[in-house]
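What follows is a set of structures for review.
Here chain A shows up in two complexes: once beside chain B, once beside chain C.
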Partner chain A sequence: MRQYRQSEPVDFVIVGTGAGGGTLACRLAEHGFSVVAMDAGPYFRPLEDFASDESEQTKLYWTDDRIVDGANPLQMGGNNSGKAVGGSTVHFAMVSLRFRPEWFKSRSLLGYGADWPLDWREMWRYYSEVEDALKIAGPITYPWGPHRPRYPYRAHELNAAARALADGCEALGIQWTETPIATLSAPRGLAHPCVYRGFCTSGCSTNAKQSALVTWIPRAIAAGAEIRDLAMVGRIEADNSNLATGVHYHRDGQWRFQRARNVVVAGYAIETPRLLLNSATDRFPAGLANSSGLVGKNLMVQSNQAVWGTMEREVRSYKGPPSLAITEHWNYEDKGKDFFGGYCYMSQGPLPQLWANTLLSARGLWGPHLISEMENYNHVVGLKIVGEMLPQEANRVTLADETDQYGLRIPRITYSWCDNDRRLIDHSLAFMTEALEAVDATDIWRQNDDTCHLNGTARMGNDPLTSVVNADCRSWDIRNLWICDGSVFPTVGGVNPSLTIQAIACRTADRIKTMARRGEL
Partner chain B sequence: MPDSRPGTRFPGYDVLSKRQGPSWNEKTREVIAKRLATASEPRFFTADEFLTVVAAASRIVPQPPTRRPVPIAALVDRKLHLMQSDGYRLPGTPRDGEAWRLGLKALDLETRVAFGVPFHILKEADQDFLLARMQSGELRDPAWTDMASDVFFRMRLARDIVLAYYSHPTAWSEIGWGGPASPRGYVRIDYDERDPWEAAEVKGGNVVAARRKNNRVR
Partner chain C sequence: MRRSNGVTATQIALGLAALAASSSLLDKRSLARARKYRTGEPKQAKAVYDNRILGGKLDVPATVTAAKRLNRAAGMLALSVLADSGVEHYRGSFKNKAMFTPLIVSAATLGVSVHGTADRRKAAHIMRDTTYLLAATTGLIGTCFHFYNVAKKAGGFSWQNLFYGAPLGAPMAILLSGLIGFCSERVRETPRGITPSIFDLPAGRAMAALTSVGLLGTAGEAGLLHFRGAFHNPFMLLPVTLPPLGAALLARTAAAGPGRRHPFVRWWMRLLVTMGLAGVGFHAYGVSRNMGGWRNWSQNVLNGPPLPAPPSFAGLALAGLAALGLMRDHPDA
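And now, the complex of A and B:
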């Protein structure tokens, strides 16, 4: 791996190497820019470092201190963010979905949220680029939305949990499909296909999972980028001419400074605003890139409610990636909804610790009730949504007074559902209950309180007054400061976000190349 | 219907019989060996605190007397000792270790006020009574300060205990889970399909058949 000196400015220093930062580091390096990409987490080698074990693999999670409040405080930790080279994609569930085209203009076309400054047709091309880069395994024809090319790898077979979803959809007369998923269904280079071991959200120890760690990062290194791991960026330096000059980062027990001609923040929707806010100066007292006052605001998670039941037959949903089948029916069907936005739902495969804690926290079970319910583990079947939540300024990241192990102020994350969020959730729970009843599941119950994914907090837009970055992920206030991760989403849609984050990063790299050629950097 | 007594559904199944086989990679062997060797003395908790945790753990996750118990309290202790935190907390709730200390102190006080003795020597029914009141947020002594007792129950005490229990191979065997699965993974993944290295459940009352299959798991 090539290494750069701290004292010589690199073209780009990127903070965070996940879906946004890892992808961008790769594409910028491939375009010929000098790149140092830093991550607070370690550079793991899955084949040697990853155990088949839920507890051990919590080492992948971002578990630095955070305060959560609001009417519906978020559960952070494992379910929400990673701290490793490759970011959250190292332990993500690999579901790789495109936005519904109308969502890029949800304000003008559907009457809610905010419009994106991006055109869906251009995004469609970038989605294809990412799907090919990750060799997504998916169905031959996708039932919803405009035409998309065939997925590069064949779909995975269905496990019993996925079959229950499919059977339920067919009974209720809606479409379903094999989930497009970022794990190999055939060999690729030295990597074997997925062996259906089911530990995906604890990290994939066989490298079948096409995370940023095994896709974009090796390509970035091959193209000359440096990946600097265990490097926690604490502050972006900005000078008096409204330019960023580099980043202060903590590595090997001391603070250091990397000079750079451009700084990209890609720390995900909590750490990105936190870093911008923690970088306040006399000139930018409200934090960097924050003349709109929107840095940290409009945080959006996605609703992640579930309906669970018990089957007479053995399901053993621990085998295979957790979400092998999906329906996006309620993303594309607008009739019969009393809410804005949409949701998809997928089959599930919780491992024992996660499942036991679900029974405890969502159903309040402990003692003999918990033990006997856990003995039904192999018969449990579940459906879970990824649902759209609306942007609200009051849902936000601010700085608490307490500090972390680096002496940096920790984030306070405030979250409350709105009425629309609740109506969407109610609709989905009622529908999924029917779907489980249709496959003769018994002891059906609803998990009302769960969320996933983090987006917003530095939204993109066409107007500096109402957005933090433009369509190219460039901040309005500081022209060599960029934000390229889940934070830039103006709305979240009803699908998992990583494919869109990576598509935006690919587009941003191309735009930067074009602008550089025109002397517009 | 399966036998409803705990621990009888997967007779003879032991996840650890796969330990040297292709379902366990080297890293997993190392991690689980360490977990199985967890010494029973506390490093984080004081001796008194530890007694309370042991007692609470045996109510949250009761274990049958017929086998060696999972050392739940020691596993919780080790996690706190190593400062492995969930990484998020409500306002008024301190970081994980301090939250445990505060919660145990408050529970101790509530117990002495209500029953005049420490928690660990209470009758099981009285322990359950207090834990249920904690779960519903009805323990409100000023000793809880700004941390609600139901929050402590759900996010710390019961959560850490349940996670510790289900981190142990004994608990995995009890629920018939396949356990570690790298690199071998699984082949048969549809309804009622079982790879020969998975637990067999008693079907149609035939304990012998299930036991025979489970004894062959490697």
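And now, the complex of A and C:
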């Protein structure tokens, strides 16, 4: 791996190496820029470092101190953050979905949220680029939305949990399909096809999962980028000429400074605004890139409610990737809804510890009740949504007065659902209950409170007054400061965001190349 | 450290060269024979029993030679079915007792085929006849079973179920084995001086047509499953290109009428025999590409590409060769 001196300004220093930062580091390095990408977490080697043990694998999560409040405080950690090179893609569920085209103009076309400054047709191209880079295994024809090219690899075999989803959809007369997922269904290079170990969300130890760690990062290194792990960036340095000059980061027990001609923040929707706010100077007292006052605002998670039931036959839902079948019916169907936005739902495959935790936290089971319920584990079947939540300025990330192990002020995360969010959740729970009843599941119960994925807090737009960055992820205030992760989403849609984040990163890299050629950097 | 995803052009060239070399080795004997045949002989053979071709086997009529070759082809197919259904039905835990049937029937078919290959007599054998008919019936019933298995799943005849349900085309292999064996008995029992025929069709050309259909079907099966593997290795294209070309050549042969020799088609059939046998090697490599490779053979043999499947191409190509041989030795066939 090529290494750069701190004193020597690199073209780009990227803070974060997940879906946004890892992808961008790769594409920028491939375009010939000098790149240093930093991550607060370690550079894991999955074949050696990952155990088949849920507790051990919590090392992948970002579990530093945070304060959560609001009417519906978020549960931070496993389901929405990662602290490792590769970011949360190291433990993501690999679900790789495209936005519904109309969502890029949801304010104008669907009447809610905000418009994106991006055109869906351009995004469609970048989605294809990412799908090919990850060798997504997906269905031959996708039932919803405009034509998309064939997925590079074929869909995996459905497990029994996915078959239950399919049966339910057939019974209710809606379409379903195999979930396009980023784990190999055929060999690729040195990687073996997926062995259906089922530990996907605890970190794939076989490298079949096409995370940023095993796809973009090796490409980035091959193209000359440096990956600096265990490097916690605490502050972006900005001078008096409205330019960023580099980043202060903590590594090997001391604070260091990396000079850079451009700084990219890709720390996901909590750490990105936290870093920008923590980098306030006399010239930028409200934090960097915050002339609009929107940094940290419009935080959006996605609703992640579930309906669970018990089948008479064995299901063993934990076999294989957790979400092998999906229906996006309620993302594309606008009739019969009393809410804005959409949701998809997928089959589920919780590992035993997660399942015991779910039974404890959602149903309060403990002792003999918990043990007796765990005896049904092999028969459990579940459906879970990824649902759109609307952007609200009151849902936000601010700085608390407490500091963390680096002496940095920790984020305070305020979150409350709005009425529309509740209506969407109610609709989904009622529908999924019907779907489970249709396949003769018994003891059906609802998990009412769960969320996933973090987006917003530095939205992109066409107007410096109402957005933090432009369509190229470039901040309006500081022209060599960029933000490239889920933070830039003006709306979240009802699908997992990772594919969109990576597509935006690929687009941003191409735009930067074009602008550099024109001398516009 | 990255390895390129695709196989390099050099590897492909080497592979193709190896295929060509081994098929020409196979061809050596026939080339020698052809050379001998060409000296002073007209292009069209006119003798019903051509002693020069038969060389030392003067006592064995051409019909019996052809029948023995067909027995050999049926046996090769039966061996492929025995091994393939053994592995795959074991993988399916023999959940339905009927899943033992192809093992028993293909083992019996293999047995009578070996018997037929060694048998120089001119009469059909009741045991062989019965077994071959049983094999053909098993193939038909098995196909129905496999269709039922796919149809009952959610999504019916969707790609998902075609990829991962019971393979629709697989039982056809034992059907083909039975048909080829049955035809072999008809050719064998043809009296001297009479053109061997099957259901009033000239036997050589009828067999060529049957083999042509079989090759197409088998290529379809390989195509489906290699598509499932996203043709991630360019060699996976071989069984979906070479056999359909062979099928077309055989079909043309069947339609061309009596009394012709088809050296190029024969050469192509030998190429397919080589490809079918080399396929085992390719699939063995495929097994090694799964987690744990051959060290984890007990899982990966079940999980990886089926080792016994490619020789079914060899079996069919052998049947094609037998048909072509019969047409050469017996110009009216």
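Here, the second predicted complex is superposed on the first by the 521 of 521 C-alpha atoms of A that agree within 3 Å, B and C clash if a C-alpha of one lies under 4 Å from a C-alpha of the other, contacts with A are read in each partner's own complex, and residues count from 1 in each chain.
Here, a contact is a pair of C-beta atoms (placed from the backbone, for glycine too) under 8 Å apart; a residue touches a chain by one contact, two chains touch by 3 or more.
All figures in this text were calculated on a predicted structure; none of them were measured in a lab.
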Touched partner set for A:206, first chain B, second chain C, both or neither: both
Partner, of chain C and chain B, that touches more residues belonging to chain A: B
Chain B versus chain C as contact partner of A:178, first or second or both or neither: second
First, second, both or neither for A:195, with chain B first and chain C second: both
Contacts of A:163 with chain B and chain C, given as first, second, both or neither: both
Contacts of A:107 with chain B and chain C, given as first, second, both or neither: neither
Which of chain B and chain C A:222 touches, first, second, both or neither: second
Which superposed partner A:121 touches (first chain B, second chain C, both, neither): neither
A:2 touches, of chain B and chain C: first, second, both or neither? neither
Which of chain B and chain C A:154 touches, first, second, both or neither: second
On chain A, positions contacted by chain B and by chain C: 157-158, 163, 195, 206
Residues of chain C defined as touching chain A within the complex: 2-5, 153-155, 159-160, 163-164, 227-230, 232-233, 286, 289-291, 303
Residues on chain A engaged by chain B in the complex (per definition of touch): 48-56, 58, 61-69, 73-77, 157-160, 163, 194-199, 205-206, 311, 313-316, 318-320, 351-353, 356-357, 360-361, 364, 366-368, 370-372, 374-375, 377-378, 412-413
Chain C contact footprint on chain A (complex, rising order): 139-140, 152-155, 157-158, 163, 166-167, 170, 178, 185-190, 192-193, 195, 206, 208, 218-219, 222
Residue numbers on chain B that touch chain A, as the complex places them: 2, 4, 6, 9, 23-28, 30-32, 35, 59-62, 84-91, 95, 128, 131, 135, 154, 158-159, 162-163, 165-167, 171-172, 174-187, 189-194, 198-199, 201
